[in-house]
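Here subunit A shows up in two complexes: once beside subunit B, once beside subunit C.
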Partner chain A sequence: MIQSSFTERNLRVLFPLPAIVFIGLLMVFPILYTLYLSFTNWNLTSGMGPSFVGLDSYLRVFSEPRFLHALGRTFTFTVFAVAVEVVLGVAIALILNRAFVGKSLAKLLLLLPLVATPIAVGIVFNLFYDPTIGLLNFTLDALGLPQGRWISSENTVIASLVMVDVWQWTPMITLIVLAGLAGLSEEPVEAARVDGASEWQILRYVTIPMVMPVILTAMILRLIDALKTFDIIFAMTGGGPGYASETLNIMGFKYSFEYFRIGQSSVILVALFLVVLLCSLGIMKLRESSEK
Partner chain B sequence: MKHKLSKIGVALSSLCLCAGAMAQSGEIRVLVANHPYGELLKLSIPQFEKDTGIKVNVESLQESQLTQKLTTEFATKSSTVDVFMTRPLQEGKMFSKNGWYAPLADYDFSDYPKNIMNAASFGGKPYIVPLVTEWQVLYYRKDLLQKAGLKVPTNFDELEAAAQKLNSESVAGIASRGKGAAAVTQVSSYIYNYGGQYLDKGTAAFNSKPAIDAVRYYGKLLGNYGPKGVTSMSWENIMPLFQAGKIAMWTDASVFYGQIVDQSKTQIPVANFDIANFPAGPKTNAPFIVSSWGISVANQSKKKDLALKFLNWASSKEMAIKGMMGNITMARSSVWVDPVVRSKMNPGLIETRAFAAENGTPVDRPYMSAVGEARDLIGELVIESINTKGTSNKLDQLAKEKANRVNELLKESGEYGK
Partner chain C sequence: MKKKFVPTLLFYLLVLIIALIVLFPFLWMLTSSFKTQVDIISWPPKLFFEPTLQNYRKVFEEQDFLKYFLNSTVVGAVAVGMSLLLGLPAAYSISRYAQTKLAVFILLARLMPGISFLMPWYIIFSRLGLIDSYVALILSHMLIALPIVVWIMSTYFSTIPRELEESAMVDGATRQMAFLKIILPLSGPGIITATTLSFIFSWNNFMFSQVLSMERTKTLPIAVYNFLSYAEVDWGGVMAAAVAIMAPAIILTMIFQKYVVKGLTMGAVKG
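For the complex of A and B:
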């Protein structure tokens, strides 16, 4: 009897408890532990355990040109990928929002890249981009166009990777925006039409502003993901040629699993964590102001 | 009711006892690489289980993932691994320094070449049983050489001339790994044949003139006559091109021979592929010959007796002969003179191995704990050289910078000058 009343009194705590414990163990602890490791000089190649060195690892990593390049590349990749995805995604959503024959088939086809495994996508695109036996160069050659070296060239590797990301993730933006468009009321559009607004004006001044919060939500989701992109880059180039496609995440991976510099790798990951956090906060602020 | 409960209790406890007894009679966890020999072990394990009653839980991983998994498990002291395949030159120093290998004092190592045992021992004591050996060779297309009226190149001048002559719009004259770190092992033989080396007495030596000349030559070959995009190619990118007939010559490790002459995997009649000794350089001909894979018992294993039993079986002469029959080049010396094996094995492999065993260099990378990072640093040199077709005027300066960085790494891990 006493027991059951205890349960009843504490239902509010007990029900979410498993989730809280889960989050604590699997999310908070790793983050705090990574933070702790970033203040150590743990390096497995020395055969010695971690010892506290304060900000030393931070200074060493931040003064590496390679780190700054990786940071810049992370932003370049993200900005280009997300920009193209949002523009294309919204455009496709607007098209799909109209009634036409074969609409559901088009929606289904659009969904396919989204459900593909990124590593498999990477392997297939590697073959597609291969300068000697790849389909892309073969097609360009057949059309009489100049061939490229794609992911094998330092100059085109980021653009080539952005293309793969766009291929895979544009549908996600489309889906979210499509859901937003479906929820809009028809009245403002009809009112604008009665007032003699052109189709373009309706789109520019009525539809887009109304669906803007949804677009920004989709953008936040994509942005966070794009900043952390690992699978596609790892499967396709591993950060190469040289370090030409090395983003923070790839660099962090190499530092821990190829160089075994656990302390410095943690610094890179803490930096990435902060980058993602600040960017998301920025966009959330933007979203709040657009809602007002 | 009570009676029923007690019956269930008895049944449950006897079940527990059974499980306990089973665990005692043996269950071990083994990590293998998805290398042909790892596959062979996996196929043969059911027989081992039947013969010994030891249950083997085997996991197979790609080589770098194997290193990562082992490192994570051992470093966090949470491992239940008992036996694992390991790469002596890549991870041996670091693993031994962290005390992750169990010593193998009682194993009979008399059947293994001495220079190979050097990489399997630390502080004079053996910790790894070498399994597979590989050496640098030249693969080539017999038909293309014949058509061009060329003989198989035996030195670097002939190699370059042949690459030039064989190079065309549709077929690359020569290929070798160009992808930074992955290229380092393959450049090593070029460096040795120019009279250089990566490290000398625990100090970086790849900024010496012979080593830089070799890197230049490598860049000239691949930059002028290599496949497109070679700086992002490792063997897994070169292999399909070679099999598709897009490459005339290829220098890489002997381990790929079995795959090259597998007719089901190639569009070219396999009779057109052949293998030859790595060509001589201006100074000597000492291509690498190394033990690429070995097997060890994990030091934290709680079932070392069972683990040793498995290791003895997995590295036995019988298994080695099985491997040789599948074109896997094993490290045991005795299997190379076994008449049955010799009659079945490809003569090209036997000849090139004999040459490398006699003249070769038993290391194919900077042999140090921080080898991963050192390979990336040297890889930058290789890429610069290929991108400029060997003409870069920054190469000497770059080599000096990278050598300094490698020396720093050696100092950090306490291996400098040793």
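For the complex of A and C:
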């Protein structure tokens, strides 16, 4: 019997070790550092170090209406965007789920929004929404419809931003669900058809339930990303007008890199971190129970 | 013959509408980038116009776009290369030893909001004098690329039968040799998927570079964003800049379409 070498016996530790060390240094340590800073008061521009203040920064941030609004807005934006994306994305996938001329071209087109640089997408839509010279208002005017102020109005800014997110990310749901549909067996559908089920009934009671786990996974992926949406909001409104489109991510960014109020920015980042973590865990639990 | 849920004519009409909505911003951006300012804001939109290269000239001459382009390429390429170096063995180990907890740990980096590491990085990198350095930027982009590499490659390795390396090990090869000589050469498609996807995500990243880079290491997304404020209402220039930044990612996607689709949908469908 040949004695296996040290490397070989410990491969399961040695192989992932560099990646673990990297993630530990670049992710775990910074998050712990943020957690520590959230218990301090520190203004980077003051030239003094962080001073420990216990829960003071938490109390100050949590009692600020601006924070509560940003928190609520993060959820509004996410729920609104993901709901539209899932409904549209699944519908489009069901429509495209058949052999047709140009299917691979259609799939390629669906990929394009997903790889388009978000910051540039935001910039392009900025010009689209511009109240005075934007294409949207020009078109509405030509059709005799009332014009809007879109991202310049507190009332419509979130909906306008959601539209951009929907344009960019609906195709991801579609592609995932299409891949899921392609992997389904034909048998249950055929059986239902033999039993005289209508196409609508087959869709409602056979196809959609079978592809549901894939839809839920696609939804989780989107939800996690939507909670963190930054680029398009930053490029299009920077959180404005006023604070009307400020989400936690944007607020955290401003407190960190514009006001340099590190203690309070850490509190916002911890809050965002927890929101993302709890939401992901919540939906995963939901998915597990739905599979049982 | 299978009956279709949507009649054929209606079906193609729907496909056409979907395609137009998806394509519209790209087409509008592309045509506007070749128009003069007057043509851009004229109504009705001019479908036929005299194309001008003036916008591109402005973007590439007045701004040092070539430098930013190179910065983006170098940061993306090195970050992806290093991530493969760290990620391939980790993914192999996750796949062969069923290290689910480890997989979740690495995927957390994909889940967590980037800003919760970015703020401490900014403080730490400032202390180390690494703001506006390639090192800091590449390390930050590795945190984008590494989870993608591990996610895609651990799934990919699991599709390769264990018998392949086990028979080599019976013949006396060590497991690490079997990984290098047998598994990796079979992993081309997976590696292409992981590389393309993580490079595109690095290329498109705005937030990390916005904070960690300044004039020397500035990447394209920052340059395009700055162009917006710098160029005020120069729409043609802004559109040309947007085209310049999106083109490489789109070309990569066209070349590697099959792989990109697989990478984006893989985890969801298998999971």
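The rule is simple: the second predicted complex is superposed on the first by the 287 of 292 C-alpha atoms of A that agree within 3 Å, B and C clash if a C-alpha of one lies under 4 Å from a C-alpha of the other, contacts with A are read in each partner's own complex, and residues count from 1 in each chain.
Going forward, contacts are C-beta pairs under 8 Å (C-beta built on N, C-alpha and C of every residue); 3 or more make two chains touch, one makes a residue touch a chain.
Predicted model only: the values in this text are computed from it and were never measured.
After alignment on the shared subunit A, the placement of subunit B and subunit C results in a clash. In the superposed pair of complexes, A:Asn43 makes contact with subunit B only, with no contact to subunit C. By the document's definition of touching, neither partner reaches A:Val194: not subunit B, not subunit C.
Of the two partner chains placed around the shared chain by superposition, subunit B is the only one that A:Ser152 touches, whereas subunit C remains out of contact. Residue by residue along subunit A, subunit B and subunit C are tallied for touches, and C comes out ahead. Contacts of A:Leu143 after superposition: neither subunit B nor subunit C is touched.
Once the two complexes are laid over each other on the shared chain, residue contacts for A:Phe257 go to subunit B and to subunit C alike. Looking at the shared chain after the overlay, A:Thr237 reaches subunit B, while subunit C stays out of its contact range. Legend: residue contacts after superposition of the two complexes on their common chain; A:Ile133 is shown touching both subunit B and subunit C. In the three-chain superposition, subunit C clashes with subunit B only at 76-84, the remaining stretches of 4-12, 40-48 or 76-84 being clear. Overlap of the subunit B and subunit C interfaces on subunit A comprises residues 44, 133, 257, 262.
Those residues of subunit B that touch subunit A in the complex are listed here as 64, 67-68, 71, 75, 93-94, 97-99, 172, 179-180, 227-233, 237, 240-241, 244, 246, 369-370, 372-373, 376, 379-380, 383, 409, 412-414. Subunit A makes touch with subunit C in their complex at residues 2, 4-5, 7-8, 11-12, 14-16, 18-20, 22-23, 26-27, 29-31, 33-34, 37, 44, 92, 94-96, 98, 100, 102, 104, 106-121, 123-128, 133, 135, 138, 142, 167, 171-172, 175-176, 178-180, 183, 199-200, 203, 214, 217-218, 221, 224, 227-228, 230-231, 234-235, 249, 252-253, 256-257, 262, 265-266, 269-270, 272-273, 276-277, 280.
Contact residues of subunit A toward subunit B in the complex are 43-47, 130-133, 149-153, 237, 240-242, 254, 257-262.
Across the complex, subunit A is touched by residues 3-6, 11-12, 14-15, 18-19, 21-23, 25-26, 28-29, 32, 41, 43-45, 85-87, 89-90, 92-94, 96-97, 99, 102, 105-106, 108-109, 111-124, 139-140, 142-143, 146, 150, 172, 174-176, 200, 203-204, 206-207, 211, 220-221, 224-225, 228, 235, 238-239, 241-242, 245-246, 249-250, 252-254, 257, 260-261, 264-265, 267-269, 271 of subunit C.
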